[in-house]
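First chain written, first letter: the chains are A, B, C, D, E and F, and each begins at residue 1.
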């Protein structure tokens, strides 16, 4: 790990990111070809929130949140702080005071593959958090790390400036260069899903709507009457 | 795995299933001799809901929800769709559109040992879901599986047509042939628990209520005064 | 394991414990030098509750809640029942009836490194519960264990009579002899955090507030301009 | 759970089971349509052993091996003891003395979704064991269970008398009625794999041998030259 | 956590500890009433080794092995270094160089609830290691901790000077004051097991040897003939 | 995920990679600043092997090994096949026949964050394998993926052509452009460790060798005599 704080990163287009957020994580994930999802282990600490922003990344040592403080300074309004550790860690690297600082800078929220604490206070503040653990375990500020380097969370690569979308389904990352194309595909998908929803609500079966009956036959799936 | 869709399955008696649901998972589990529970990994995505119905089962390939679509057609009002995969999978096999289709058919809810997505929308719709993961990860429709074959979820066997009861404690399965007897035992248990609750609320100890003092003595448990 | 029920245990000072509870788990954990936390696997079954009390401990066999019944008798108003098993267990050792009995005795709540059930009812009753699982799986009353012996939960030692504080962040244990000193340190920490919160809300950076800029330099962290 | 010991179970044909064992777990699993595998959590405690036999099943309470003793009496030469618990358990339900007893009865080995102990001694004895844990934690003999009822291990149903095959890849179950057909399919698969192995060793690519080039094209997979 | 290095700790009687080691983990665990076992997650990195010694304990910060170096100085011939971290950690806190240092001091081996590395070299050296992970991930030396304080590993309390016994079954701790009594009980158990082994090898059933037939009847276990 | 097979990738310098392999995973990981390690979940299926090569990457759908076959064609002598899936999967995507094909092409080995099977045969062949699971569960060839795109395994990014080093400690990745510098640093580290090893074997303490006594004092670690 190179101990570096990268400044002056580019950001994805904010209005486009905001619209992606309004479309939701599952739709965006599908619109970019079923990729970019950070996996089921990163969960919101609050229900019913949507968030979109551009990634400022921080890479910390386990049990140490020093680089989180360095990352705050790199954040602008509309950013999302994305944090991971060099090896698995559940400690509470983030809490109310850091949230206060981020909120003061207009940061949209945080995504962290580690623990958070002061959960009652964070919920009261309304500061949006997605994390892989809730833990009161405190941390030190002794070991260097990096800010605004590419990081990988649960198999998904994130570059600083990428779009980060989060809701009740978790978190998805859209590479900065793909935001416009993904937004276009997502809008089309929403329109298509609206039509599908109506058909399904009216009783049309997915088997017919998606043309799956032939596929079942081709794959050798047979129908047979129940025998006790 | 035989690639088959079984039609015309029998169903457990609906009024009896509905009454079991009103009594709750823990009571039903106890009433059938502490069996039938699908384990603590299958959790509700909403709080405070109770659900009862008869199982339509689907066995899917990991990362593939083709057979879920085939299963929808086999569902009738009052059924519960019970889904598992041939190997462990957290992907979001089920979401809002499939829920719309199931709701249109009067299905009571879904129990799935895999992931679900569109959680915000599912909660808004009020469609009841118990799952082992929440994941936006999408799936393909490429690989055959089975509908209405016996499936095992976390060590518990489920036949199509069995009664499925779910609440905040998780999910319990009652074999179709046992529904009447289990209902009878569950009613008796509720009556007995009402009496126990009153006694305990009045200050009677479980040690006395259940006659455990003698048992402790027989087992060699001794009392001793605290020494610092 | 010695099969013993220890009576007449000492208790930590109740008003001090109550004040610790009002300060919260993360603060108390920090105030005693970042120790005493029971880890992220022990979670509340309800949101937004705080609890403080003195530990009555129970050590059970997996799948067996006999000693929980013995422990109830040792509880006084203001106690917290702390339960663990001799090997990992997710079964529902605790439910509504035991909660009724504890509530009748004025017990503040329960912390259990095992499963609980009747979650709907427990939430309705408002009886506070922190556990490592929710499971309807019932238990037997066949195997002896111990009450009011020291127990270790996830690496944290707990003696009977220690202070137990729990909130949305989890559970922390304060040794009985340390309660006064920890309370004093916790009050000071709260005062200091109030000042920090104001500074951070006004836009002061943690880098400056905590003097971390020099540390970053000493540790060799460098700043570099973004290059695409 | 019904507390019952079923006697006089039928057994799968022993010579056929022995031949299945010689063909190995992966081959047998494929030959019955990619089903029957007990999953990656059940591992051998020794390397390089193959085992085949007919299932005698035992269902135990967690932390309790009473029914293992009852199951021993139901075992005949060539049987495999298949053990699981009513909820997840890592305790050492099985060790050297039980192995001595099983060996004296000509039992082929044990498959257990729980812990085993005396691992050094079991390896010295050469008694084959597949388990989900190694644990010295002892058990009691206090709680009833069942012998020779159908059990499900990690999603796979096993009836008493089914064929059980185990090797370094884990454990597979073949329903008693399917043994002859699966053996026939397995022999054919081995013959086919011999031809494939030769072709692949000679440098033929799987893309060509299995006709996958067209499939890649149909699925829209494109080739592109590396760009730095 | 108090940052302290405790010197001059007492040690359990070495010849008694050596004899306990020769009897093995499972026997010692039983002899002290089925307690003291560190659980199935602490595994040996080598097969077929037995080790006994007296505990020198170290409590480290995650990702930091500073206190391991401090602990080495407190070790004497016949000691076992027992290491844990303040929160869960898989990093490689221990490797070949530390093993060289411990071997030079006559230390019997190490038990660590964290990762180790240089596994090839450790095996070649023949230095005995029980750990919860193997990981090449390196650590820093930045954060204080403690040496020779009581530590809890997976629910089991260990005081400095306690006897530590390890073999293929894992690790068991015997409190220093109990060593003589446990040794006496362990010898008796071995003698009894020798008799049992002979009887079982001759075909006597555990059901008869341990008098379990009556117990099954009392518990309501019934025999029934197999029905297809 | 873009469905693409990238051809003509560059490779790291083979002699340098071979020398890195001879120095071992832990040394290489340290030499590049404690980075590049794929984590403790990727384990060898054989003991005592070292492997070095250049990465050909494959990204597969869970339960589907189609792209593994496409990747084989892109492999040259000295390559290492690096495989992961779009969501977590334990199925046996790789076995003896694919190993035969890779061996025929001179491939050094495979690293796979999924399951492998035919473990007995793979060990007999001597084909080196590091995987996150052993599973006989078979796969289909139905869903597209990618070959030679960047992949992330457990938080570590790998580009095609990077150096992959593996031994008993797991797997480390060295970016292609860094191989020469890391090799130089690794050689220096080995020389330094040789000196340290001699000093430690002669009884010098790490506290003195690394100058840690002052650090302990600065960090406030105190020595205190044992009190019972």
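Here, a residue touches a chain if its C-beta (ideal position, glycine included) is under 8 Å from a C-beta of that chain, and two chains touch if they have at least 3 such contacts.
Given the structure is predicted, the values throughout are model-derived calculations rather than measurements.
Copies chain A and chain E of the same chain sequence form an interface built mainly from equivalent positions, shared numbers / all numbers used being over half.
Centre-to-centre separation of chain D and chain F, using mean CA positions: 30 Å. Chain C and chain D have centres, each the mean of its CA atoms, that are 42 Å apart.
Centroid to centroid, with C-alpha atoms defining each point, chain A and chain F lie 28 Å apart. In chain C, the positions touching at least two other chains are 34, 39, 86-88, 90, 135, 137, 143. Chain contacts here follow an irregular pattern that is not a line, a ring, a star or a complete set.
Here the chains touching each other pair up as A-B, A-C, A-E, A-F, B-C, B-D, B-F, C-D, C-E, D-E, D-F, E-F. Those residues of chain D whose C-beta lies close enough to touch chain B in the complex are 1-2, 33-35, 39, 84, 86-88, 113, 150-157. Listed in rising order, the residues of chain D touching chain E in the complex are 3-10, 66, 69-70, 72-73, 90, 92, 95-98, 100-101, 103-105, 115, 117-120, 123, 133-138, 141, 143-145, 148, 160. Only residues 61-64, 86-91, 135, 137, 140, 142-143 of chain B touch chain F when the two sit together in their complex. Against chain C, in their complex, chain B makes its touches with residues 24-26, 29-30, 34, 37, 39-40, 43, 47-48, 167-170, 172, 193, 196-197, 200-203, 205-207, 210, 212, 215-216, 219-226, 228.
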